[in-house]
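Single-structure report; data block below.
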Amino acid sequence: MANRRLKVGLIGTGHIGRLHAEDLARRIPNADLLAVADVFVDAAKRCAERLGIPRAVADYHAILEDREMDAVVVCSPSDTHGQIIVEAAAVGKHVFCEKPIDYHLAKIDAALAAVDQAGVKLQIGFHRRFDPNFRRVKQAIEQSEIGQPMLLHIISRDPAPPPIDYVKTYLQHGGSLFLDMMIHDFDMARFLVGSEVEEIYALGGLPVSAQTAELGDLDTAVVTLRFANGVIATIDNCRRAVYGYDQRLEMFGSGGSISVGNNFPNAAILSNGERISRDLPLHFFTERYVEAYTAEIQAFVDAILDGRPVEVTGQDGRAPVVMALAAQKSVRERRPVRLSEVDG
Amino acid sequence: MANRRLKVGLIGTGHIGRLHAEDLARRIPNADLLAVADVFVDAAKRCAERLGIPRAVADYHAILEDREMDAVVVCSPSDTHGQIIVEAAAVGKHVFCEKPIDYHLAKIDAALAAVDQAGVKLQIGFHRRFDPNFRRVKQAIEQSEIGQPMLLHIISRDPAPPPIDYVKTYLQHGGSLFLDMMIHDFDMARFLVGSEVEEIYALGGLPVSAQTAELGDLDTAVVTLRFANGVIATIDNCRRAVYGYDQRLEMFGSGGSISVGNNFPNAAILSNGERISRDLPLHFFTERYVEAYTAEIQAFVDAILDGRPVEVTGQDGRAPVVMALAAQKSVRERRPVRLSEVDG
Amino acid sequence: MANRRLKVGLIGTGHIGRLHAEDLARRIPNADLLAVADVFVDAAKRCAERLGIPRAVADYHAILEDREMDAVVVCSPSDTHGQIIVEAAAVGKHVFCEKPIDYHLAKIDAALAAVDQAGVKLQIGFHRRFDPNFRRVKQAIEQSEIGQPMLLHIISRDPAPPPIDYVKTYLQHGGSLFLDMMIHDFDMARFLVGSEVEEIYALGGLPVSAQTAELGDLDTAVVTLRFANGVIATIDNCRRAVYGYDQRLEMFGSGGSISVGNNFPNAAILSNGERISRDLPLHFFTERYVEAYTAEIQAFVDAILDGRPVEVTGQDGRAPVVMALAAQKSVRERRPVRLSEVDG
Amino acid sequence: MANRRLKVGLIGTGHIGRLHAEDLARRIPNADLLAVADVFVDAAKRCAERLGIPRAVADYHAILEDREMDAVVVCSPSDTHGQIIVEAAAVGKHVFCEKPIDYHLAKIDAALAAVDQAGVKLQIGFHRRFDPNFRRVKQAIEQSEIGQPMLLHIISRDPAPPPIDYVKTYLQHGGSLFLDMMIHDFDMARFLVGSEVEEIYALGGLPVSAQTAELGDLDTAVVTLRFANGVIATIDNCRRAVYGYDQRLEMFGSGGSISVGNNFPNAAILSNGERISRDLPLHFFTERYVEAYTAEIQAFVDAILDGRPVEVTGQDGRAPVVMALAAQKSVRERRPVRLSEVDG
């Protein structure tokens, strides 16, 4: 398939869908975004018009049925992912799917089985793996710049809680802070440690949104992970850091340590009679991870065209869901939970 | 002209020309890059093909004669800028022109007069004014975050000297380190200080390229500028900083100081048994100023469509040339030189 | 007692004892160090000679019996602390005692009771509370610069494991990594959070010393603390960070975050063709906490002379021992342990 | 003289005198400060009492006549330095003298001749050479960490102008900003570059004190130095930086660059809804250079006891005065001035 261009359709033109659409239309030179689908067809049409995409439809089956189409990018609501993957695999389309695949392991397993059987590629949207900061950490680990990894600390805080309706929606489908937000950090931990988690201990912290607390979800949590290779990791999530999006981590090893701080809109340092200061970090994920989003779609397109494996597999999409389920159980039962307890 | 799109032609598809072409074709939503011209017509064609530009020609007059065209972006060799500006103005095209307008004041003045007479807009390619770091410094000054500006220090060092043929070419046309490299820093100093330079003292430093020294040009220099408003600035240029592109400055004022450091490819900090370290800064101007290049072309397009003045005028293009000429004279005569001495 | 000078004796002229002796003899203007005692009397004599201390004895009872003496500084082996405190209180001496008071709660409680009954002051040697970095964090919390504290992360790593005999000794007396090293971090967590811990979950990490592992002690551990006020803290200890002594923390709150990094021997940044780097941090606790050691002894002297309460009380010495015992139990039983389980 | 202790007298118990006295009395283990002298004998007595110095006199000749005394530390007003050095040398005392030796070359030369003839040691109080930051820069240069030095930039700003009477006094004796403040930076430049200055160009900047301007002195200046070995240096001095004492420099070389920033009272970083900030740097020279002051006196004592040359010679004291005189002339005549013009 080398030297060909990839024909792509995109399903779901919400926030993330439009972001991927813009990359596919403008920044990925070897992809053609030929159609977008959304049940709110006006949203699909606006998106298509703005980016010069030839076709906008309400029903994604029109994309799946298009024999010319090589691949689909799935950005629809999380509870529809499994079904769409199964259908896409059945008609031989490669699939890029936003996280999480689903909140229920049975549906995930059905999707992964369909993909396996069809022999198509499936890449999951853990874009942070493509961020230059975290890639540099991964490189340091792989090139033994820090020796044997021993301890990992991830800090991942949002600037502000999501709309309460967003929380209600994911709670209705069995979601939680762990499945919605920390799932990215679970993936990052696995990605960097290069081993599987055996046991998880999760603690809920002080709430930042009374509404979320009333609904029964956490918005602050600290989780400890014990990996099979002996690495211990902690993850700190909070839905509100008043200073903005806070995305940092440190991997400590026998030969040193590598840490990454936040990215900033500028490198200016202001000194006045009060303090030495700089502006707040880049505000939220679309600013912070702009390069990463482009890079993950590029990698998906290249993997298909070059016949190489994708960098974030279906199994990489499944494992963090298991971790999140274990974290949920740990909070409920106030004890460390082995992953085998939730993945029977 | 509001709500219209700007029809643009581009002249000169060398390194900078291709960079602007890519921005116009991919990142500027309200511009249509309709044609590129280059005397090496194959270069023009390759550029057009890669970016989906409808037309590629050898002779730029084909662009100037196209009545549909609103504006031209001039990236041809420096000694052709003046002539092209005059011709473009004569047919009512707005002009974006790479720096320097020319190395000779008479030709610059003829170009500026032509532009004035035709009533078209002319923007000069001092892209650093659009860099987020330097914009933040400008903002701090304008919003009195540092009080009255008093002292400015600019450090501007390249990772490696240009090919010696490049140096030969500019020397043949009357250029020098000051007209080729420091001209950006002269512009930055004027931009930030908001006043005109009265006197310049320039000292050549130790050479980094024996070939350049043989040809009679400097590749290391320190220049002191005295502005009419009392601000003193120093500029440090060197053609070779082994650690990469070094673009920093500090403005010190009565109420504080603002400084900007370099930009880096990642925010990773590595600690091992030897040291605490980070990777080298972004390598050279195309990496470092990628946002600035896009922003300057966007500003040009917007200024025309919105009927607003351009942010970098023809006079802004002329003044740094005068400064460079004074610096050249200062080095030759080993004394401070007033700008009036070279701008009779 | 204002305007008087404090007459002090010091018991135990090992590493820490000599450090305190030097501060008392040279840097504390309102203290007179009149005598030092050590069972290795030659060590006491060398110390006295070097610092011009009038008297050196083998038996600390000579100091306790000296009616002129106001206070004693206890730097003898940990298992003798309780006994010396009881004896010193009985003869009305104020006591500064190195941490830990003891590894056994019964002995600690006996010492605290003796102090209470005698009405003398007892200060425990948690010097980090007096470090300018951590004081600044405490100040930020107290002055509401970060709102309501929510999450605390402490990283505390040594440059190299202690001699194995040192480990053997503390293990024989019932000690552990938690009682020897993390006890400082337990204290820091209590100091900053301003609440008591309810539950602790401790995990041992990959060992850095095979010998220590053979003896049954940990040298890498991650501990999660749940405080009564809802704050969650994590502590990361490792006996070997190849880049040196690593003492950092972050307190995150509803109104912001304050973090402290390491201290360095110089502020030099070196840029070469490989990297941007700085020298390693200050090597170990005597370099890192030189100001803190002086400040804690000064605070002790001032508290007595001014009749004010000490800043680190006997109860502050007891609580981290309880926390360490809970951590030990948590590691053994692989579950979170409530402090009430070990403090019946 | 090895293994002996040095007997020292100190002349002048003003601010700097008391600072040196405290180091000699408390922190220099191999020196005995036996006497202090001050024409304001009460000041001498208070100093002696506070530090336990045996003797306080009004007339420094009492110290010079004391045959037991090995060395004197001269902290009297600048215009008395030359005379005291001559007298001290005549009676065979080693001399540590605060900068400047004098403002007049003839008096400096007489003092240096007297010292040479007597064969005693003379060290000048350029304490910054002993600062850990600048020592690290010197080390980087000496160990070829940055290749051949090419460009040096020194920033040296005070937090606030001195009392106007202080300015009046030095102006009456022929002093200036260059002889009072920039003299330290002139020395630092010579120290780091390791070559002699050939030519100086000095520009006065905007004044920060109207009173100083009325008296005819500068309080802001930028000076460019051309060294014999081709290095170019700039020095930026200002009497008022609202954010505090600002002591930074960068040496750039063919193999890299080393720069030093300010020192801070703590390493805390505060993030809130407005900004990321840290506290202001250490306020002024007594806080900033506390280690350097101790180290320079220690080095003086050691040089005598060990029979080694001092690290800052009389010639090192003379050269910056010549540089300052050239700078004064450059400002007056608005042109670069060769040092040979002022040092006939």
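Miscellaneous remarks
In order of appearance the chains are A, B, C and D, and numbering begins at 1 in each one.
Everything below uses one rule, namely that a contact is a pair of C-beta atoms (placed from the backbone, for glycine too) under 8 Å apart; a residue touches a chain by one contact, two chains touch by 3 or more.
All of these numbers come straight from a predicted model, not from anything done at the bench.
Greatest Cα centroid separation from subunit D: this falls to A. Looking at B-D alongside A-D, one finds more C-beta pairs in contact between the chains of B-D.
Chain centres here are Cα averages; for subunit B and subunit D they lie 43 Å apart. With centres taken as mean Cα positions, subunit B sits 40 Å from subunit A.
Centre-to-centre separation between subunit A and subunit D, using Cα means, comes to 59 Å. Contact with two or more other chains is made by residues 241-243, 255-257, 271-273, 279 of subunit D. Those residues of subunit C whose C-beta lies close enough to touch subunit B in the complex are 241-243, 271-281. In the complex of the two chains, the subunit D residues touching subunit C come out as 26-27, 132-133, 135-137, 140, 145-146, 255-263, 265-273, 279.
Here subunit B touches subunit D in the complex through residues 147-148, 150-151, 153, 155, 157, 201, 203, 205-206, 208, 220, 222, 224, 226, 230-232, 234, 236, 238, 240-243, 246, 250, 252, 254-257, 334-336, going by the rule given at the top.
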